[in-house]
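In what follows, chain A forms one complex with chain B and a second complex with chain C.
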Partner chain A sequence: MPDLSAFADPGFLAVQCLNGLTQAMFLFLIASGLSLIFGVLGVLNFAHGSLYMLGAYLSYTIASWFVGSPATFWVALVLGSIGVALVGGIIESVFLRPVYRREELEQLLVTYALVLIISDLVKLAWGAENRSGSRPALLAGSVDIAGRDFPTYNLFVLAVGPLVALGLWLLLRRTQFGRLVRAAANDREMVGVVGVNVKGLFTGVFMLGAWLGGLGGGLAAPIGAIFPGMDVEIIVESFIVVVVGGMGSLGGTLLGALIIGQLNAFGILFFPRFAIVFVYVLMAVVLVIRPWGLLGRPVTRG
Partner chain B sequence: MERRWVVRAVAGAALLAVPLVLPQFYLLLSVEILIMGLFAIGFNVLMGYAGMVSFGHAAFFGVGAYTCGLLLKKTEAPFVVAFLAAPVVAVVVAAVIGYFCVRLTRIYFSMLTLAFSQIVWATAHKWYSLTGGDNGLVGVPVPPWLIGPRTFYGFVAGVSLIVVAVLWRIMEAPFGRTLLAIRENAERAEFVGINVKRTQLTAFALSGAVSGLAGGMFALFTRGAFPEYAFWTKSAEVLIMTLLGGPYVFLGPALGAGILIVLNSVVTSYTEYWPLVLGIILLALIYVFPGGVTRIFLGWRGAGGPAGASRA
Partner chain C sequence: MKRFTAVAGTVLSGLLILWSALPLPAQAQQEPIKIGVIYGLGGAAAPYTKPAITGHELAVDEINAKGGLLGRKLQLVIRDDQSKPDVGIREARDLILKEKVDFLMGVIHSGVALGISEVAKEYKKLYLNTIAKTAALTEEKGHRYVFRSASNTAIEGRAAAILMADKPFKRYAVIGPDYEYGHRMVDDFIGHLKTLKPGVQVVAEAWPKFGERDFTAHVNALLQAKPDMVYSSLWGGDAIAFVKQAKPYGFFTKTQYMNIAAADLDVVVPLGAETPEGIWGSSNYAFYHPDTPANREFVAKYKAKANDLPPAGAFFGYVGTYFLAEAIRKAKSADTEKVIDALEGLTIETPIGPLTMRAYDHQATKGQYWGRLKRVPEFPFPIMGDVQLIGGEKTLRPVDEIKALRGAK
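So, the complex of A and B:
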């Protein structure tokens, strides 16, 4: 029987809800990059979880270089995510560019091969044991939420998510780069025909997507364990978010992340064991009823 | 025509008999190749013939493994019943899952198969009282007459031979041709009066049945069933085997399974970094040998396109 007594405690409910929101922010960061890349390049990037993992490891290592300095965390976060963006640029221009004209399946296989390669390279570079980063001094404490402790760091993550969403929205709506990205998402060939540097655009979009994944990893470093295998764990969850929200839709990705976050946080209260099944059931139901996702548009492109 | 078939049957039987004289290590490796090869051939009914790429075929492999394992371990069911229940239950599960999946196309189809297979995986992973959860279902009893490695190999080889022959017959019959027509142009197939969705669903169920049978045999082989059998990485594995061997040749996926399993066995004896090696092989496959290795042996038939290249 589900234990309902927890619902009598408003503090517990609030914290559980905030935990779900925190998880949603991570999912949003990773899935928004995945969704952006799919929307523009038409490639389902299996390696996006690997970029997230790489972001966590890079930030962890960079932080270890500057131990003691108060700016450690921030420098590591910025440099780590930029490093992942650079790796993304290499992945796009070296590995993906030759296969854009091939079948979807072959593009997918390239990114899957990269999952395997990156996972072993990470093991070679950092070893197989778990690691964990440390929170910046400024955010190390916790705050009182209706009588319960909630980590200050998680509040910070809760602020970063919407900020990134807003930044992305402004980038896509208010800049020339954003206009080109949206145009390419609509009709890739036409963008090339009118003289836009499509190669550069694709590399830029992939780097932006990779940066988002890397940022997610860098932010996750201080609160979860960093371990080989975190890539495979997160990628299917990100797929769920993108599918539920709608592939290529930023608002949809945010909505999907919020739903999955809450479903995880509260599903665990009702059915501790089978909570994990709910998210897959939700994914299946959405695909059956609205294959293009809650906020996506039906795609007829060939 | 008749003579060609006799020659093929003799050659096939001879090939299958070779591992019987090999040391036990290679004999067991051959068992694994046969089972995974059968799984890949079953998977390819959907991918190569119907052009539907499932990301969730591990679900049917897993369902077959758990069905056979559970019946043998927890009930008094006779061996034949438990063994045949694997494809039967798998076909039912595949028909239900397929009913929803065939309405979708391309990436949406793949994503829905992934979602369903993860539901199967999560169920196997968490339902401790039935499946043993993440510890897996261990200690599945195998009848005494099947215990010796050579006998077991003979059993697997015999079953595989029968299933592959039947499947070959089906794929050479109008049903297989209809699938190819749908793969090439579903709209046109619809126009000439083919019930596209029903044909695709039949292929889905058939593919699931063969995968389930392979899963059942694998449960007998490992004397157990584990959640990983239904995890998405298992689906990726069978997809890679198929692409490696070549999806447009009937026996290609089995060749791919053989190559992958032998490579894995060789590489893991030197290094633990098998995924790294596999990743590099995959990249080479895509950039250097598109179309699978069977293309190298058979030449570039069918002018590179899928059409016309499906005869082994």
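So, the complex of A and C:
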């Protein structure tokens, strides 16, 4: 059934590889927020998909305020993702702070409750209809890749992904904030004892994670549908990326996203009828071979 | 004397008990006819089911304003099935046993519809499906208690095949969401097209999951097979995302594209000016076609109630309610068995003209509208040009074939 002649076509392969990379960049942007929050705060944030959805809706609405201006998309992307970061700050300080010392199951319940609350609020604010944003004129067209059309917008996403990855790396490795974050990830009590404002640090980390989710939503808004159920799919996919890469490891998240992107892009050529199962098979294999993920570290929790 | 009083007392209280047990005609008339309405109210289903409920309410308001049916008012009891079969089954049971509804209506999710259909059979309640499309519901899994006022996957697939039978395309590629509905829409299209036009080939297929965000790998793979025509059973957000993502690949200049939901309002409105002109789009209902007094009146009434144009869901809710109401009127009773007899073969007037509930399989003769999308100055979104209605008996699967399907089960 698979038409293997496609593999002899370098133009096709190049574009398919870029398609997989673009998908990987989306997955990385969104899942890195989930991974960061888990790595530092120890909370598996089910509401991360809701923050992604919120990013899409906010960007859509802000863009509608500036229709006609060439800066529409950029302003919407920046303000929308910052808006999500602010919402993240409220979520962390109001809902999560009281449950850090509770059991993980209770934390999960809180974030699950947030999923339901945000879903209903979104429906109240924006209604149930499908919506969609617009690409900026600059990125609406396509470029020639080996004789084929490739969307300029996807090239832009391909640039944003590595930039964000680099930025995160610099932030965590080269700044005082990053040092404290890494220290807190290892031993939050000790960091508190030496006089660091752990509360503020955690709020900052959660806002950064929320911003990443919101940015992913803002980038997805112009090339997909914005609707009240878009939070569900993405949280499952992000979770798989993080599990495959290793919980709490940003490098692992990037690797996981890259593998899943290519797996999806080339898997469908062999088994179009099994497009849905590739990632689950991958996750199962990784969980059997390295239960802590590709780049994660085996953790023994008390 | 004392004894007489005792006897009289006994007789009197006996009479009282008997009397209270008898249904009081005056009291019975005031009791409403209760209709349980079940839909998935969240997620991707919401753009269809919210207007559907408004459609049900519009019909019930109209009927009640004219005095109701058999001197009784209609009352809707609305439940959310969360698009999950187990929740739908639980809600259906609850509506029957606790709410004591007389009839069940609604459902968009095919899996939920099949589940509720079994509940209806078990409790001998009439269930009229209004949106869910899987043909199985009225074909191999059909029974006395299940009806459908919407079209089904067989009708929509066959209608698309009839549309394409005289077109020059030979090499087809197909793409659809990977679940019951997506597969059936493709299978019925390709199956019927091959009988109408031998020599048609399927050169590529793509089965993204429902709710896929990234179609680009599929776009590239479909183009690689160099099809003349790509048939798509994507709907809702998927239909929007596919068009948006495929466009910069030059998809719509390199191949023809037909999509069963491309003319639905919940797809064309968000796509707006980004809709590629000339793609073949279909819809279950169009507010602009047919341009008849009946349809214009329905559009005006819906606008007055919902302050919006009626999408397909609104039409389905409205017409489903009237099918049931007209059957109750014809049966002169709200008794399930009598209403079923009345509903079999019933023809009613709807905003788009007469529709008939075929007696054998309880499937309405609801056809499909097709046209090539074009921009018009009146609306900020494209509409179907030269709209064709492909409907009536020829789009329904022949009774003999359904008999064979039911026998083969």
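To be clear about the criterion, the second predicted complex is superposed on the first by the 301 of 302 C-alpha atoms of A that agree within 3 Å, B and C clash if a C-alpha of one lies under 4 Å from a C-alpha of the other, contacts with A are read in each partner's own complex, and residues count from 1 in each chain.
One rule holds for everything that comes next: a residue touches a chain if its C-beta (ideal position, glycine included) is under 8 Å from a C-beta of that chain, and two chains touch if they have at least 3 such contacts.
What you see is a predicted model; the values in this text were computed from it and never measured.
Once both complexes are superposed on chain A, the partners chain B and chain C clash. Of the two partner chains placed around the shared chain by superposition, chain B is the only one that A:E104 touches, whereas chain C remains out of contact. After overlaying the two complexes on the shared chain, residue contacts for A:V281 are found with chain B alone; chain C is out of touch.
In the superposition on chain A, contact of A:T61 is made with neither chain B nor chain C. Residue contacts after overlaying the shared chain place A:P291 against chain B, while chain C stays out of touching range. Of the two partner chains placed by superposition, chain B and chain C are both touched by A:V232.
Looking at the shared chain after the overlay, A:S119 reaches both chain B and chain C. Legend: residue contacts after superposition of the two complexes on their common chain; A:L269 is shown touching chain C, with no touch to chain B. Counting the residues of chain A that each partner touches, chain B and chain C differ, and the larger count belongs to C. When the two complexes are overlaid on their common chain A, residue A:L44 makes contact with chain B while staying clear of chain C. Residues 119, 123, 232, 273, 276 of chain A are contacted both by chain B in one complex and by chain C in the other.
Those residues of chain C that touch chain A in the complex are listed here as 42-47, 50, 178, 204-209, 211-214, 216-221, 224-225, 236-238, 240-241, 244-245, 248-250, 266-267, 269-271, 274. Of all residues in chain A, those touching chain B in their complex are 44, 95, 98-99, 102, 104-106, 109-110, 112-117, 119-121, 123-124, 232, 236, 239-240, 243, 247, 273-274, 276-277, 280-281, 283-284, 287-288, 291-292. Contacts from chain A toward chain C in the complex involve residues 3, 6, 9, 12, 15-16, 19-20, 22-23, 26, 119, 123, 127-132, 134, 140-142, 148-154, 220, 222-230, 232-234, 264-266, 268-269, 272-273, 275-276.
Of all residues in chain B, only 53, 100, 103-104, 106-108, 111-112, 114-116, 118-119, 122-123, 125-128, 232-233, 236, 240, 243, 273, 275-276, 278-280, 282-283, 285-287, 290 touch chain A in the complex they form.
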